[in-house]
Every structure is written in C-alpha cells, then in structure tokens.
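In the two complexes that follow, subunit A is the common piece, with subunit B as its partner first and subunit C second.
Coming up: the complex of A and B.
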C-alpha cells in the first residue's frame, strides 16, 4: 500500500488536525470525539445541522462545516459509521436552543447510530429531526444499506438546509426543505478503479484493465454491472439514462459532476461537457452546477452525477452565501 | 489506458467545452484558439493578465480566469506548450489599452512561444511585460527547462498580480509584484505514482511499489532522487528541508499543500498538518494557506509544498476578492 499517510491508525486524526490548522477561522476540532464544529460554537436561536459518516469522502463532511452549511460533522473511521457518542457530542455542541437536524446518508450503521444519539439528545432536552438521504438510483439494497444509498445529494441537502437554518427558520421547516432536496435528487456513480482503505492495506475490489463498474457506491460496494471501458460520453449517457428512468430530467436542474478522488479535473470537465449536452438534448436546463471532488472515495478513479430538480426556493437557498473549506461563495 | 475521456485527440477541447458550459458567468472559450477568456472580454484601462501552458494541470490555468485573477489562459495540448498564435490571440483579446502581463512557467517551449507572441503583440501596438516563474528548488536544470522549473508559485503569482491589476495599477507595477511573489516563493514536489498522458497511452515513468520520487516536476520529469516510501511527516520534512536550504522559513508565510491530482484530500490535509507543525517548530508562521488540487499532473498521486514569504502588501492582495472556477472568495 503506497499512501501519503503516517500510519493507518492515525489517518483520521491526522486529517482532522490538518483541517483545524488550515481553517481556524471556519472550524475547530474536538479531538477526543473526532467532531468538527463551526468556529465560535453553537449559534443561539439557530437550528444546528449535524452530519457525519465514515471518513475517506473528503471534503464531505468536515469540509462543509461553516457559515451557511453544517454546524458539526462527525468523522468515523475510514468508510465506517461514526459511533453514537460522537453524534451525541456533536449534537450537544451545536445546540442553540432551536433544535438540531441530523443529516444522515442511508447506510444501516449510520442510521442506527444517529438515532441512538438522537435518543440521548432527547434525554438532554434537545429536540432533533432527521433526514435520511437516499438518492442513489443504482441499486435498491446493497452491501451496507437497506433501501437506496445516500451519496451526492448529501452535498445539496447540507448546503440548502444550511442556508435556510442560517435565515433563522425553525426545525420543522429546515427538515422539510432537507427532505425536499433529497426527494428531488438522484445520483449514479461509475468507478474506473478501486481504492485502498488504509487499515485494509489492499484494494477494496478488483477491476480488469478494460472494465468499469456502473452504479458503484462510495465505499466500493458493487453496482449494477461491470462493463467494458467506453468513451466518456457513452458512460455519461448510461448514468443519465439510469437517473431519467427514475425521475424525469425536466425543468431547471442543479447538477453535480463529482470526482471520486483520483480523477483528473480535466476529465471531470470533459464529462460535464457531455452531461451538459445530453441534458440539453433531453429538454432540461442546467441552472446551477458543481464540477470537482465533493464526495470522494479516497483515491478511486471515476465520477458520479447528481441531479436535483430545482424550485425557486431551492435555487435561492443554493445561491445564499456559504463559507466552508469545501464550498465558498458570496457574502 | 483507462481514462474518463472520449478520445486522446479531443481531451483538451472536451475539457474546455465543459469549463465553458459550467462557468458561463466567469469565462468564455475561443474554441479555435483554445483560449479561455474572462466573460465580458477586455476591461478598458486594466492591465490584462495572460497565462497558459500545457493542459493536464487543471484548475491551472483556465480555472483561474475571472475577476481578480487572469484575463485569459492558453491551453496547450497535454503537457505541451501553447503555440505563439494562441498566446497572441489571447493577448489581443484581453488588451484594454494598459498593456498585458504574460505569466510564464519556466519551461523552454513556453518561454520561447510567449516571447514570440509578445513580438507579434508589439507589432499590433500592444505593450507586454513578462514574469517567468521558477520556484522549484528540486533541480537546477531538467528535462524541459533551463534553470528552475515553474510550478506552484504560479498560482500565487496569478492571484496576487491579478488583484493588483484589478485595482488599476499600471503594467510596471503589476509586473513588479508578480516578480516579487516569484522571488519570495519556493516549491518542492513528491510523486507516489506516475500519470498517463492520453496521447502516449502509457505511464510517463515507472515507480516500484515501495518507492517515491522526491523533487518531481509537474510533467513527471525526474526529480532529485528516488527513495523508499516513508511516513508522510518524514516526506514533508524532506520537502521543507529542501525549501529551507534555499530560502529561510521565517516570518509570515503563505503555504500551499497541493495535490498532484490523484491524492485523497484526506491525505492532503494530513500532510498539511505535518507541514504546519514543522513550520511552527522552525519558528515561522503560516498566515495564509491553500490545501487541495491547484496545479495537478493528471491523475498522479503525490503532493507539492509551495511557500511564499509574505509582506503586508502581498497579504492584502492575496485577501482581495477573487471569482474564478478554481479560487473563489470575498466580494
């Protein structure tokens, strides 16, 4: 295993220390609990937003802590759910008296552990609500999931719900918009290569030199099928067909072309060009977009497409200022 | 070769089409010349900034076109200098009557071709000045370079000179600050893996499974030496020692920990933590930083460290608003 790390046991702690050192204006890190919180702590009267999950998907989630997005992120071990104690600590840390929203990617361990933490928070008198993100159209159930996996839409949910919370909306409203974003979003991912979890020391799966995996999950879980390598525009078409079969590609869309961590940005822009042309042919419009590494799988090569059907409200919230390590604009 | 592309011959055009589709508010693309220009074209009375070089280093340079940074970027073929005609077209396109600064990474072909374009621009009555960036301390001469290579400091030069040009400073002043940033900056890069140029179809070089290349260039040019894989903190120490041997690590620093394209962001943050701790031990202070993929080598795994000794002026210009695909803050 050839990695730029100190040791497999310290990768999460080392990454959090680096995040804290790089962005003291945005975040602070509770080292004991491996929780990233917004610099300055809980905001009185504001709904707190907590997310988290296995590490290895950076900038998700720690890179989305800051003004206009998350209040805290819980970092599990690589590709491993955070434990309830982490989520409980994060929930307490960001509670400003208006309740806390848990944004959970739909993996069995994540859902269980966030719900246990919600019970513990209730014992502390903290009201919580949850949104379970499940936007991946590739497979119905998978290795770590009952129902659909939660992937790229998580970035949209965190940004849009974060903007509404920043405006002072109550917990029920913030939870409603978070669920609406999830319901309006669909994703499909493709892997060209595997990735290596540091503690495992070897690639999660094998792919032949001329083979890709269609419908891959963000932990290398199997997708729908393996297929021969094809031109990018054909792979993009397969991904968009899978999404369109589940929800029409119509109206104004927010579209993310996301790199899995090891894909050249040059190629992600090439793929976005293909996505853009295809969506235009299908009669829809890309009103907003992201192109880059936003929810990754370590050094995996590949990409995912996430599409959200926008409304005026969602567009306004998407455009609202955000100041995080991973997303930053306006203010 | 397993890549997310349509065909080796179209990778640059496809990436530029995607960049244009993603950021119509920021840039437009001259498809014939493969030149990315700022949306809205030349700004009357403002010094124009033109950079460019081989493709495959994205977001450099096209991702740095926009308010507060470049006016145009010329995209050569992958790892290949842009031709004089491209640079000439870009220079004309952004000339607002106050002259044009050429920001050139020190590679023999780039320098020659920018200078030929400068002569052609002079024939058109456009005044130009140039800064040749040569911050890489690893080797004195290399495969494509007489003298030091230009690498990470290019990002700093483009940002800081761009901010000064935006304030309406004259060409001589913008060129002066660009050269000052270069003179105050040093870089050192490390590769864990090679990368594959699409037109070549096979890795640029081979590295054994337990071996890294210290002092690598951004095209996979040989560095100083090959060494066994070591913990990240030791690799970081080697890089900082090389930089410190050339320019003291003292005072307030702008530090970039840059990914080569295929390195997990998690590991880049881990490396930044090590850089941060080491620089503190050496008695200097990281006043500003960047962590992420800013000047890449396709899907190469590895990283580089770039350090710039700040002054009050440079810090203010660094903090000035910027709106590009690759760097974006404040306004």
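Coming up: the complex of A and C.
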C-alpha cells in the first residue's frame, strides 16, 4: 500500500515535527519524549489535562492541545499506547499545582501505562485523577471482555473537561464532569475498508468490495460482525439502533459524525443528513454537532456516530472558547 | 546460570523476536491491531543496546535492566506486562550471582504472578498467561522430580508451546482480542506465542552452553 511517509520508523516523529511547525502559536513538541504541550507551558493554578494514546488517530490527541482543551498529549507508536515515561514527562510538564487529569481511552495497554505513570507522578508529589473513556456500544461491557473501548466520546471529554479546567475548577470537579460526559455518551463505528499500519505494510484485515464491518474500534481491528454494503441511510440506522438500544436517544444531543480518515466529507455530510432525519423521527433534537475527521484510523474508509445527552452545564462548556489545531471557536 | 548466561538468553530472545517479528504481527493482525511483532522487536532491540552499555553483574541485574527497558520502549499492554514479568523475576533472583534451576523456577513463578496481577488475567482467557502458567508448572514439577537442567528446560518449552497452541481454540476474555468475541476463536494469541519464543530462547541458550561446557 502506498503511503505519503518517509519511513515507517519515523512516521510519528515526522508528524509531530510538522504539527510543531504548523502551529508554533499553539503547541511545542518535546521530540525526545514525543509529547505535545501547550505553547507557554504549565498554567499556574489550573488543573492540567493530559491525554494520549497510539498515533494514527489524528487530530486526536496532539491536535487537541491548546486553550480550552488539553495541556499535553503523548503520542505512542501507531496504534500503540505511549509508555509510562512519556506520560510522566507530560504530567510534570503541565503540572501547575492544581493536579493533573489523565484522560485514558479504555484499552488494556493505555490503562496500564497511564497508571504506571500516575504512580511515578505521585512520587513527585503531583496529584492525578483519571477518567477512562468507554463509550463504544459495539463491545459488550461484561466480565468476558476488557470492557468497552474508548472512541469518539474522547473528543467530547477532552473539550468539555478542558473548558471547565480553563475556568479554574478544582481537579475533583474536572474529573467529575469528564466522567459525566463519558457516561452520557455512546458510539458505534462502521468500516468500508481496513487500514494499513506503516510498520506492518499489509491491511489489518480483508474486506470484500461488497462487505462492511460493523462495530469497529479505531485501530483497524475487525468488528463484531460483517454485513453486505447497504445505502448510507440503512447503515446509519443500524448504528443509531445499536446506540439507542443502550441509551435512549432523547432530549438535547451533541452528535458527531466522524470520518475514519479515508471518507470524503461529501459522504460524511450525507451520513449526517441521515442521522439528523433519523434522530428527529426518534423524537430527540441535535442541539450541537460535529461533522468531519476528529478521531481516525489512518486511511480507513468508514465513519462513527457518537451521541452525548447534553445538560445545560455540558452545553455551556461545549460552547466555551477553544483554540487548538483540531477544534477552534469563540476565540 | 550466571549473569553471562542471562545476557545470552536476552540477546538470543532479541534475535528470535527480530526473526519472528512478521509472524507475531500477523497473529496480532488477525485478532488485534497488527503491532505485537514490531513493538517487541523495538523493545528487545533497545534492551540489547542497554545491556551492551551497562554493567549487569548478576542475573537479577540483567533481568531488571531488561524489564525497565521494555516498560520504557514497548508501549501497549505487552510493555508493562513483559516489563513487570522481568522485573518480578529480577527481584526474586535478588543478588545471587549463579542461579540454579530452583531459583530460575521461583523467578518464573514470580514473573507469572506479576503478569496475572497486573493484567488481571487467568488461564483460559487467551493471553500470555496461557503459555507462561503451564511452563512455570512444568519447570516446578521437573525441579521437584530432580530432573536434569536439559530435561527440565525441555519440559518448560514443551509446556509453553502446548499452552500457546491451545490458545487457538480459546475465546479471548482479556485484551484487545476480547472485543471480537467468538471471532477470536481459531487464532493463536500473539502474547502466548511470544512468551513461548522467549522461553524457547532460554532453553536453546542453555543447550548451547552445555555443549560448550
């Protein structure tokens, strides 16, 4: 598979160098640790927000570092969680004395590495709290799995918790709101193609031209079931049915139709039109929305739908100013 | 088995993981995210560099440096899990300069306990525990039976291989493969496969040492 890269070994470092070159006003990059921090460093008295995970999901997470969102993001290898040393370095770099919130997507590796880093931070006298995002309804949350995956709701958690931290709220409050956003959010993803990890060189799975994979995560891992390709409105209906079976689609909603990296914006808007019509039929209201590529899987074709049941507080925090490479408004 | 022997084991492991990198990644592509071989190869490559650059006078020192380096270079779940395994084994070996079979058996038992606790995995969950646990048991039995070093390590490897092979028919209950549910059946667990390779390297280095001795 063709890729616009220099070499598989340097793909993450090259992307980080480019991010730093494109947005010197927003971020600076610690190239040794592969950590993206806000330009200007730690903000005294403000809770620091650190997230991170495998690379290949851009703009997540480095693209969400900046005013009103993250203070730092740790970039792992492609689809591989960062190591404790990276998270520890990020935590120290953004600690302004009010504690640091770790925003972790629920994958075994991410959780293990962040918790090891939290212990190291505690040795330095830095208080941390964690929120583990697990919004993917495609995975049964039971004793028989590693629990639900963290996917699209991560963007909502980072934005909304980031807004509250910017207002000067204490660590406990920021963690509470982060967990509330996660609890109120559900996601479902669909792939039309697989994707190719640069170091592997081969697509992670094979899909026939007339097949789609339902219930995918964000790592090119196969989903739970395979189905024949269908019109977008039917695929959207399947996704919303899966979400509604888990949490009612009611009241004011924040809805994201997210591209997996290789889906034209035209198709994403087509999907959002179907989502919008279906949610209206189901008696709920889309109060806020995002349509575009916000949490991707390299060049995969496909999309995910994430729905968050808003409250007045969450809507206000969503609307608060944000200035990052990936999300910008109000400032 | 002295520090030089343990360094030879880890060096052999790095070579084997490097050779079998694509095999491990293919296993991971089937039920995970296609990075296990690349991640372990990067980690053990870093370990080889660290061992070349630092004094490791005891078996415990060799394994501690191995564990610390894996944690700081591998990432994913396998970094903390393998890192913890080697660190626990190192702690079990203490300052001993020449570890016999009983000390090795105790060290691998400690490694297994560390992995079980951190990964919250049991036998049958389709993880590295399914290779490590039977291997540790087989070695302990061989030690109890007074087996020779060669026979005991053969038993270790046979049990690890059989354990890894047995994961093929299991449904994953832990880690990323658990998201697949029934679709994880029919594929060997990459972590169990790499565990079997690491233990095989131990046996192969011991066999080579024997011929030299």
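General observations
Going forward, the second predicted complex is superposed on the first by the 326 of 331 C-alpha atoms of A that agree within 3 Å, B and C clash if a C-alpha of one lies under 4 Å from a C-alpha of the other, contacts with A are read in each partner's own complex, and residues count from 1 in each chain.
By definition in this document, contacts are C-beta pairs under 8 Å (C-beta built on N, C-alpha and C of every residue); 3 or more make two chains touch, one makes a residue touch a chain.
The model shown is predicted, which means the values in this text are computed figures rather than measured ones.
Of the two partner chains placed by superposition, A:122 touches none, neither subunit B nor subunit C. Contact with subunit B, but none with subunit C, is seen for A:210 once the two complexes are overlaid on the shared chain. Of the two partner chains placed by superposition, only subunit C is touched by A:79; subunit B is not. By the touch criterion stated above, A:219 is placed in contact with subunit C alone, subunit B being left untouched. When the shared chain is aligned, subunit B comes close enough to touch A:59, but subunit C does not. When both complexes are overlaid on chain A, the residue A:250 reaches neither subunit B nor subunit C. More residues of subunit A lie in contact with B than with the other chain of the pair subunit B and subunit C. The interface of subunit A with subunit B overlaps its interface with subunit C at residues 78. Those residues of subunit C that touch subunit A in the complex are listed here as 25, 29-35, 38-39, 42, 71-81, 118-119, 173-176, 178-181, 183.
Contact residues of subunit A toward subunit C in the complex are 54, 76-85, 107-109, 112-113, 116, 138-140, 143-146, 149, 197, 199-200, 202, 204-205, 217, 219-222, 224.
Partner subunit A is touched in their complex by these residues of subunit B: 2-7, 11-12, 14-19, 21-22, 55-56, 58-59, 63, 78, 192-193, 209-210, 212, 229, 231-233, 235, 261-274, 276-277, 286, 289, 291, 293, 296, 298-299, 301-303, 325, 328-331.
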